[in-house]
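We just call them A, B and C in the order they show up, numbering each chain from 1.
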Amino acid sequence: MIAALAFILSGCGEPFLSALQPAGEVAQRQYNLMVLSAVVMVVVIIVVSIVYSIAITKFRRSKVGEDVIPKQVEGSHTLEILWTVIPIILVLVLAVPTVAVTFALADTAEMEEVDEEGNRTALVVDVRANLYWWEFNYPDQGIVTAQDLVVPTDQNVYFNVIASDVKHSFWIPAVGGKIDTNVDNMNTFYLNFDSGSAEQVDNLFYGKCAELCGPSHALMDFKVQTLSSEDFDEWVAAMQEAGEEESEPANDAIARGEEVFGPDGQACIQCHAVSPTSGAGTSQGPNLATFGERSYVAGILDNRDGEDSREENIKNWIRNADKLKPGNTMGAYNEDDLSDEDLDALTEYLMSLKVYTE
Amino acid sequence: MDAEQKFTSRTWPESPEKTTLEGKNKFLGFWLFLGGETVLFASLFATYLALKDKVPSDDHALAIDMFELPLVFIMTMLLLTSSLTSVYAMYHMKNYNFQKMKTWLIITVGLGLAFLGFEIYEFYHYVHAFEHTFTSSAFGSAFYTLVGFHGAHVVVGLGWFLLLLIRNTNRGLNLYNAPKFFVASLYWHFIDVVWVFIFTVVYLMGMVG
Amino acid sequence: MSTVAQKQGFLAVLWDYLTTVDHKKIAILYLASGGFFFLVGGIEAMIIRIQLAVPDNNFVSAGLYNEILTMHGTTMIFLAAMPLLFAFMNAVVPLQIGARDVAFPFLNSLGFWLFFFGGIFLNLSWFLGGAPDAGWTSYASLSITSEGHGIDFYVLGLQISGAGTLIAGINFLVTIINMRAPGMTYMRMPLFTWSTFVASALILFAFPPLTVGLFLMMFDRMFGANFFDVSMGGNTIIWEHLFWIFGHPEVYILILPAFGIFSEIFATFSRKRLFGYAAMVFATVLIGFLGFMVWAHHMFTVGLGPTANAIFAVATMAIAVPTGVKIFNWMLTMWGGSIVFTTPMLYAVAFIPSFTAGGVTGVMLASAAADYQYHDTYFVVAHFHYVIVGGVVLGLLAGTHFYWPKMFGTMLNEFLGKITFWLFLIGFHATFFVQHFLGLMGMPRRIWKFLDGQGLNLFNLISTIGAVFMAVAVLVLVYNIIITQIKNVRVGNDPWGDGRTLEWAIASPPPFYNFKQLPLVRGLDPYWIEKMEGNTKMTPAEPVGDIHMPNNSFIPFVMSLGLFIAAFGAMYQVDWRASDGESFVWAIPVLIIGMLITIGSMAVRSLKDDHGYHIHKEDLLNDDEGGRD
């Protein structure tokens, strides 16, 4: 029956988003708990249904007779003890693994472990939630990104989460349960991204905000790119390198776009850093160092149909940000704010912001 | 029993506050209300403890800098004594001695007013000597809310006693107003009990640090 | 004072209802205003479902959507479910315990008017700049930063109506403790009375934390305090604790009276006494007690740590045990009985599987580690709608059909009632069953829209179709009520024929003094006992004598109106200060005037003796069938 139930449940939802198709150790343990509790509860429901069905079919007045006065039974101690003790046992069956898993998932001792040189061995990501975007800072690596979380597979990744404006909640349904990003204090937990499952979803999981945070709460999505350990190390190295060197604009359009982006143009740079090593923890808008490689613009406009869709999405976003994500702090730029030519150049520039891919 | 019936000290019942059904209801209802009030103050105490000494920067005064024993000790004594005098008043109420009840209630009100005067001075002192205001920090908000809620209860209690005294000055005791005096004094005891907790949790614990 | 009802003009009737202290008329006031708010909340629910019918929909804007979802929750809990339950408590509990009125008729009226003005104030936000938009839970960081006056309406409106609820709770407690008829011991009280008693105790202890939370938020938003401002040392988690210390017992405040209504219905229409009465009473009390121990299960993802989470998880699971006892006792009440499927009984029978489904998902949610996945998703939405619609709303609909004849003296149409039932039941399951899966498939709750390509389209559409069924069901019910009242076919004492408790022993509706002679209660289900001995009436416990009655009063209305006025002043003095005193100069005067009206009417109440009046024995004897022509 457990197998049957698991089979039914796994048919539900998309694998990059569904908690019913666990893609890592944390989600798997939670899923097992779900299945266990569901099975226990289905047993309860079956018992109730049987008693219930017999009662409402057998004792209809049309069957027992119009003028029959039933025996006024006060109760039955045996029965009442029975249906008190059995639920207690069922609850215990569920309570023990619940407590065990709750403690196991809260174990972040590995975060403190260091190697001989005093460097932390585990990967730690500082997550900062903002209206309506996510910053992912890798403090030990000295790099920062936004909207696309990049993680290695098959190892525990530890998260310190906090919010910078109002409360949000950090959730990657396929990989594990959520944790609130409070404004008051830092919360800590870990996730583990399974490489096999990651392959099935083209190494891209969806993440969501799970706490009402304002008009665009529904659109506060982020994405998770998974890489193998080796690829992840390469990515880190590329990010660190990109932070050190100034890159020259490849053509005039890009150069113009950089001007528009800069302090003498639209001053985008006041809120958006373009270096993968700056702005962590303080910047007003998402870091755009890897913007040309992102899977989505603003977490909601899909770029994966190729560079044309990327260009279109970027322009759409700049022109209509207030409609696409109502209440976001960037606002939209119409033709009076930003001419079509400048928009073209800016888009060129933004598409050129790449670190890891060519 | 009729509420307006005239009594003598001989016919006056043992528990005049609970003799009529209305009195009985009022007595029980008020106890239940005090149960709810207890939860209200418990919530305020919890909030205060969570926010105690939570200030935005180092230049804000903390509990240990501000609170002084002599002042709150005098306030505590005033309020404890007023609770005792209201017990005397109820003792005379049960003995059908209206004049003495009135006298003791007036003394109670006087002590309550003195307490209130000290409390106003205390707040004034914190605001001016330490710039510790309702809006200066979370600690300030929590402190003035907790102690202020108690202070507001004192004001209500005093107003209640005064209203009852004025209304019934020339009427003497009967089964209609006896429960009213009784629950007002219950309220006053409750205020006193809350203060004992404030004295301990806010001031004594505050002075320890 | 004649006890014979006369034909009255509209204004006279209006004045009568504005000043009434009669629990039966207050019940009708609660029913009418609760019903009105139920329709308002229902319209809001329909807008939510229309918006979520298809992906990337723009039926309403994002900001408006958040206002609607907030008001849907707030309205349904505070302004619909609770008042409707109060309607039945008021109408039935004094009759069930053989009392002539509640303990505090004046406060009963005050409680209603406070609720009414609080509710009106909250809903006026729609017309005065926007409704609250931070969810019915109004978590502090978001509600503190929310612009406009929406949250102020929430805070002040709930503060006023909450005071009314607290008063009603104390009133029922005292009524049940002090006003029971001779022989009505605690263990002979009908289960609806018991559940009212426990729910009232929960109100008494659960509402003060909400009051404090609302005060703190009011001080923060309107008077410059810093409870929830982190930069000033504040802490937003305090709000979450205070809210849920109130919020979880609130769930039981709603469901326990519904359990009570169903218990009466099962016994009545199975023609059999409630199975395991003592265990049912014990389970009700235990649920009420445990209800205070589990609030943090709403906060598993806040980061309270594994120890707190584990403790609250196990405590929460423990509630399943007494609830399970109740389910089995209801089924065993039917077992061996003689079941007749009237409309109320249909609701009761449908309630068992519906509520069981909501209960078992509750146990699943209690499992803290798994809750990290369920929390704040549509799984939770499905769960609490299964409990609240499958439990409370089915209970309210059952109660409406069951007690309508007792309240109004005429029966709702059974055929239309059954149509409502089937439409509502099908719609309910269609709407909410799939939402469990939506949550597990990664759909967070309180989202304005969902995007295409995430596998959420089909179930959302099914859910919306289900909601349409429920809406139609409610319309049929409204039609049923209208035609029933127009036809107005009068019924006798015991229209269902199988009444067991005291309320069925007297006229429908009862005379305003309820019982000419207080009945003598000789056991559980006193009217059934008399019927089984061949009596048609209760054995009186006293000779006919003068009856003491309270006077009507307009003061409760004025007292509540004062707070309603003051709330506007409190709210707009924020703009007055923001404008450096240039505009909104009327705000502070209005605040003061409002408070003076309230305090003044309290003083009037206190200074003016009100001894009530007596109905004389002779009038009672003349008035044979109790006040109705």
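The definition used in the following text is that contacts are C-beta pairs under 8 Å (C-beta built on N, C-alpha and C of every residue); 3 or more make two chains touch, one makes a residue touch a chain.
If you're wondering where the values come from, they're calculated on a predicted model, not measured in any experiment.
A.B. asks: Among line, ring, star, complete and other, which one matches the pattern of chain touches?
C.D. replies: Per interface graph, the chains form a line.
A.B. asks: Farthest from chain A in C-alpha centre terms, which chain would that be?
C.D. replies: B
A.B. asks: Would you mind pulling out the distance in Å between where the CA atoms of chain B average out and where those of chain C do?
C.D. replies: Each chain's C-alpha centroid was found; their separation is 33 Å.
A.B. asks: Go ahead and note the Å separation of the Cα centroids belonging to chain A and chain C.
C.D. replies: Centres of chain A and chain C (C-alpha means) sit 37 Å apart.
A.B. asks: How many angstrom lie between the centres of chain A and chain B, each centre taken as the mean Cα position?
C.D. replies: Each chain's C-alpha centroid was found; their separation is 53 Å.
A.B. asks: Which chain B residues sit where two or more other chains touch them?
C.D. replies: Touching at least two other chains: none.
A.B. asks: Would you mind listing the residues of chain C that make contact with two or more other chains?
C.D. replies: Residues 235 of chain C each touch two or more of the other chains.
A.B. asks: Going by the contact rule at the top, pick out the chain C residues touching chain A in the complex.
C.D. replies: Residue positions touching the partner: 61-63, 65-66, 133-135, 139, 141-142, 145, 230, 235-237, 270-273, 275-279, 301-303, 305-306, 309-310, 313-314, 317-318, 320-321, 324-325, 327-329, 331-332, 334-341, 349, 352-353, 356-357, 360-361, 363-364, 366-373, 375-377, 437, 440-442, 444-451, 453-456, 532.
A.B. asks: Show me the residue ranges of chain B that touch chain C in the complex, using the header's touch definition.
C.D. replies: Checking each residue of chain B against chain C gives 3-4, 21, 24-25, 28-29, 32-33, 35-37, 39-40, 43-44, 46-47, 50-51, 54-56, 134-135, 137-142, 145, 163-164, 167, 176.
A.B. asks: For chain A, which residues are in contact with chain C within the complex?
C.D. replies: So the residues of chain A touching chain C come out as 9, 12-14, 17-20, 27, 29-31, 33-34, 37-38, 40-41, 44-45, 48-49, 51-52, 54-56, 59-61, 64-65, 68-76, 79-80, 83-84, 87-88, 91, 94-95, 98-99, 101-106, 163, 165-167, 169, 171, 173-174, 176-180, 182-185, 187-188, 206, 208-219, 300, 302, 326-327.
A.B. asks: How about chain C: which of its residues touch chain B in the complex?
C.D. replies: 103-104, 166, 170-171, 173-174, 177-179, 204-205, 207-209, 211-213, 215-216, 219-220, 223-227, 229, 231-235, 238, 241-242, 245, 603, 606-607, 609, 611
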